[in-house]
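We just call them A, B and C in the order they show up, numbering each chain from 1.
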C-alpha cells in the first residue's frame, strides 16, 4: 500500500508542475479567440522566428496563441497527434507548417469536419492528395520556394561566371519545400551547360547530416567548387565540413532561409549567400489572416511572403 | 574493565520484524576476542537476519549493539565496516576481472605518484604481506576469475583483514570446499583466532563445529535457545536445541531392492573434463558419486543431462541406446536433474511455487498450449504437501522460501514430471539439519518407489549413509567403485586423492 | 489461498492505473476540453501505435531482452505494405505482407540471438539499421502515399462510436493477456526471463521461445505499421524514429523489469495510456513541447523508482 502513497506524492508533484505551466494559458484564454499554431519543430531557428512573429501579431490583436511542435521535424505522426489535440481543444483557427505535405491531409480533413479553418504556412500541401480526399484549406501563406531556388541558382551562375562544379544538399526526399527549391535552382542552371551538378544528395534538413554528406561528397569529388543547400542548417553543416577540409572560401556556399547564424556566416565569408525567407513575417501574416477569417473575410488561395537573397 | 576487553561484540534484545513475520525476537549474542563463535540454527531460524543486522545491511527494530564497549547503530554497510565488522558471504563479493591485490584493496587503493593513479608495487606487496600472514600461497597478481573457490575465499578473508576487521563473519564457508581445502581454511581460522580476531561462524555441519568452534549460540524460529561451550556439548544435545526434538534416524535404513538396469554409460568423454566414464544404474538403486571439487562430478551429470556436449561415449536408457542432445531430450527420456546451485540453475526465483513445480511438465497441464490452471494447482498442492514444503501459499514466489523449502520445490519439479532417473547434485547443500533429514528420507522413499538415483555429494557421511554403491571420481576419471558394505571414508578419500598422488 | 498472490500480481497495474486516473483527474480540473468522450477516444486512438508496439516489447522485456529495432521494422513493414497496396494487391494480402515482413525481421532477430548468441542489444541494434536501410532502399527515401478508402478506414473508421484502431488495440491486448497468463508459451516467457539457465535445465525450449518472442515483437511492429500507414495515408521510410524508446518507456512505466521475469501487458497498456494522456493534456493546456519531454522523463524515472521502493518495502 505504501506504493500508492508514494505514487500519489509523485502525482501531486505533477499537479504542481502542470498547474504552474498550464494555469497561465488556461486563465488568460477566457473569452478571447484561441488560435493554434503547429510548426514542424521548435529547435529550428526558422520556426522559432515564425513563432516570435506569430506571437507579436497575436499580442497586438488580443488573441490567444497556442504554439506546439513535435520533438523531431520529421515526426509526422506526432504532429498529427498535436493537431488532433488542438482540434479537441476547439481552437478557432489552426495554422500548420506541415512536416509532410501528404501526411498532413488526414489532419486537415479532421479540422474540416470540426469546422475549424486551416491555414497552411511554409510548406505546401500536396494539392492532388488534398483534392482527392475532399479536404480544403483556407489559404497557403509561404515564400515562393521555387522562386527562391531560382534566385540562388542565378546568384551562383553570376558568381561562378557560368562555370562551376556543383554539389547540392537536398532536404527530405519527397518533401514539397525541398522539391520546389531544387526545381527552381535547376531551372536557373538549365541554360548554362558549364554549371555541372556533380553530386546531389539528401541531408534531411539536418545540420549534422549536412556536415557528413558534404564531407562524403568532398571525398568523392574533390573538384567541387560550389554548393547549394536547400536549407541553412544543412549549409552550415557543410561549411564546417568545408572548413575542416581547409577549403573555406574555395567553395562557394549558398543556403536557404537566412537564419541568423547563416547571415553571420555570409558576413564572415564562410557562405556566399542565403535566400532570405521571412519567417517572422510569415508567422505574423498567418495570425493576421486567422483574425481576418474570424472576422468573416475570405483570404486568397495563396499569400506570398517576399523573398530575397542575402549576400 | 576486564569485561570490555574480553567481549568484542555484544548484541542484546535484538528484534527484527517483517510484515507478517518476526525474524528475530529478542536475541542476545556476545562474542569474545579470539574465539570462534558458531551460530547454529535451521534455515529460517534468524541467523542470516542477525548477520545482516551486524553487516549494516538490515536495520534492527529494537535492541542494543556494542562493539568493544561502544554503541553502534550500524545503519549502513560502511558503518559496519568502520566499526570493524567484515562479512564473508557464501556468494563472494569479488570482482572477477580484477586481480587478487586489486580486489583486496578495492576502494582503498594506495595513492600513486599522481592523484588518480594507483601505486601498483605497493598494492601487490601489501596484498602479498596479508596473504602471507594467513599462510596461503596465492599470487596477488593473478586474476580472481582464474582462482578456485577456496582461493577466492582466502581473498575474501584477506580483504577482511586488510580493513583491520575485529569481527569476521563467515557464512557457510565450507559449503563449496573439499576436505583438504577445509583443513586449510581451519588453519587460517586458527591463525586469525590467535591474532585476537573474533570469528562468527555459520555452518550446518556439526562435525566442523566440534573441530573449530569455541562456543555456540543456537537460534530457533527467531528466538535465542542458548549459548554453550562446545567442549561441553554433545551432537545430540545441539541437534535437540536446533530442531526442538530428537533426530534419531538421520539416515533411514535401506529397504529397497535393486531392480533392472535403467541407465548404462560407456566411455563417456568430454575433452579435458570427462575421460572414459562407464557405469550402470538400476531401478531402486542409490548410486553415490563423490570426489574432490573439480573432479568432474557435476560435469558428468550435465553431460548425461544433455546440458553440455560430449565428445565420445554411448548411453543406454532402459535398454535402448540414445544420444541425448538437450535437457529437453533428457527430460523426455525420464531424467531429472537437481542442480547444485538451485538459485542459479534450479529455480525461477520470481515465479511461484506452483509455477516452479510444474515448469518441467507443462505439457501435462495444458491442452493445445492453453494452461489448465485447476489441474496444475491440484498437482502442485499434492506435491507440496507430500514434500512438506513450508510456504504461506502456493502462489508465493520461491524467492521468499528458505533454502530447504526451495530445494523441496526443485525436487517437486522432478516428481511432478515423474522422472525415473534422478541426478541429485549436492542435494543438501546449504540446507539445515532438519531439512537434510527430510531430504534423506525422501531419497529413500523415492528409491523404494523404484526410482534410480545418482547422488553427487562432497559430504562423505551422506554418501556413505545413503548409497547402495559408491563411485569415486578423480580428475575426470572414475578412480574407484565400492559396495555399501566395503566402503570406508579412508578408502574413498584415498581414491579421490588417487590421481593427485600419482 | 490465492488472494495474496492475486493482490501482488495485480497491485502493480492497479498502482499504475491509480497514477493514470489521478493524472486524468488533474488535467480535467485544469481544462474542460480533456474529459469529453471525443477527446478520450482521441487519446485512445493516439495511443494505439505505441501501445501495439509496446505489447511486443513487453514480451521481449519479460524474457530479459530488449528490441531496439521496432521503429525501423515499423518503417520497413509500412513501406512494404504501401507498395503492395500500390501494386494492386488485395487489402488483406497487403496487410499480411506488412505484418509478415515485420515478423520476418523479428524472427531474424530471434535467430541472431539464439543461434548466433548475440546479445539482444547488439542483434536488434543491427536490425535497427538494416530495416531502416531496407525501407529507404525500397522507396528511394520518398514516402509512399495515397490509398483506398477501405484501407484508410482501419485507422480512421469507427465501430459504433469506438475508433476501429482502438478496437484492434484492445483485441491485441486481450490476446496478449491470454497468451501470457493462460498458455504454456506465456509461462515459458516468464521462466526464460526469470532464470534462463533453470528454464533450460527444466526442459523449456528456450531457443524456440526466444525466436517466437522476437518474431511476435516484429510482427506487432508490423501491425502498428498498418495502423500508422492507414492513419497518415502514407508510409514514410523515416517513420518510427525512436519509437522503440516510447515502447520501452510504456513497458517500464507499466512495471516490466529490464532484468526480466516481470511485467504485464495490462501494466504496459496503462503505461502507454499515461504517456498518451500526458501528451494530450499538455497539448490541451498549451504547455511547450520541451516541457512535455521533461514530464515523460520524470514519469519514467518516478515509476521505476517507486517500483523499486515498493519491492524493497515488501522484503
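Everything below uses one rule, namely that contacts are C-beta pairs under 8 Å (C-beta built on N, C-alpha and C of every residue); 3 or more make two chains touch, one makes a residue touch a chain.
Keep in mind it's a predicted model, so treat the numbers as computed, not measured.
Undergrad: Specify the chain with the shortest distance from its C-alpha centroid to the centroid of every protein C-alpha atom present.
TA: When every chain is reduced to its C-alpha mean, the one closest to the whole-protein mean is C.
Undergrad: From the centre of chain B, which chain's CA centre is farthest?
TA: Centre of mass proxy via C-alpha means gives A as farthest from chain B.
Undergrad: How many Å are there between the centre of chain A and the centre of chain C, using C-alpha atoms for each centre?
TA: 31
Undergrad: Take the average of all CA coordinates in chain B, do the same for chain C, and state the distance between these two points in whole angstrom.
TA: The mean C-alpha positions of chain B and chain C differ by 42 Å.
Undergrad: Quick one: report the Å distance separating chain A from chain B, using the average Cα coordinate of each chain.
TA: The computed centroid separation for chain A versus chain B comes out at 67 Å.
Undergrad: Going through chain A residue by residue, note those that touch at least 2 other chains and give them in order.
TA: none
Undergrad: Taking the complex as given, what residues does chain A use to touch chain C?
TA: Residues 2-4, 6-8, 10-11, 14-15, 17-19, 21-23, 25-26, 42, 66-72, 74-77, 80-82, 84-86, 88-90, 100, 102-103, 105-106, 126, 129, 132-133, 172-174, 202, 204 of chain A touch chain C in their complex.
Undergrad: Write out the stretch or stretches of chain C touching chain A in their complex.
TA: 11, 15, 18-19, 22-23, 26-27, 30-31, 33, 36, 38-39, 42, 45-46, 49, 140-143, 145-146, 152, 156, 228, 231-234, 236, 238-239, 241-242, 279-291, 293, 295, 298-299, 302, 306-307, 309-310, 313
Undergrad: Mind pulling up the chain B residues that touch chain C in the complex?
TA: Those in contact with chain C are residues 18-19, 305, 307, 327-328, 330-332, 337, 339, 344-352, 355, 359-360, 362-363, 366, 369-371, 373, 392-396, 413.
Undergrad: Inside the complex, what are the residues of chain C that reach chain B?
TA: 1-2, 4-6, 8, 182-188, 190-191, 194-195, 197-205, 261-262, 314-315
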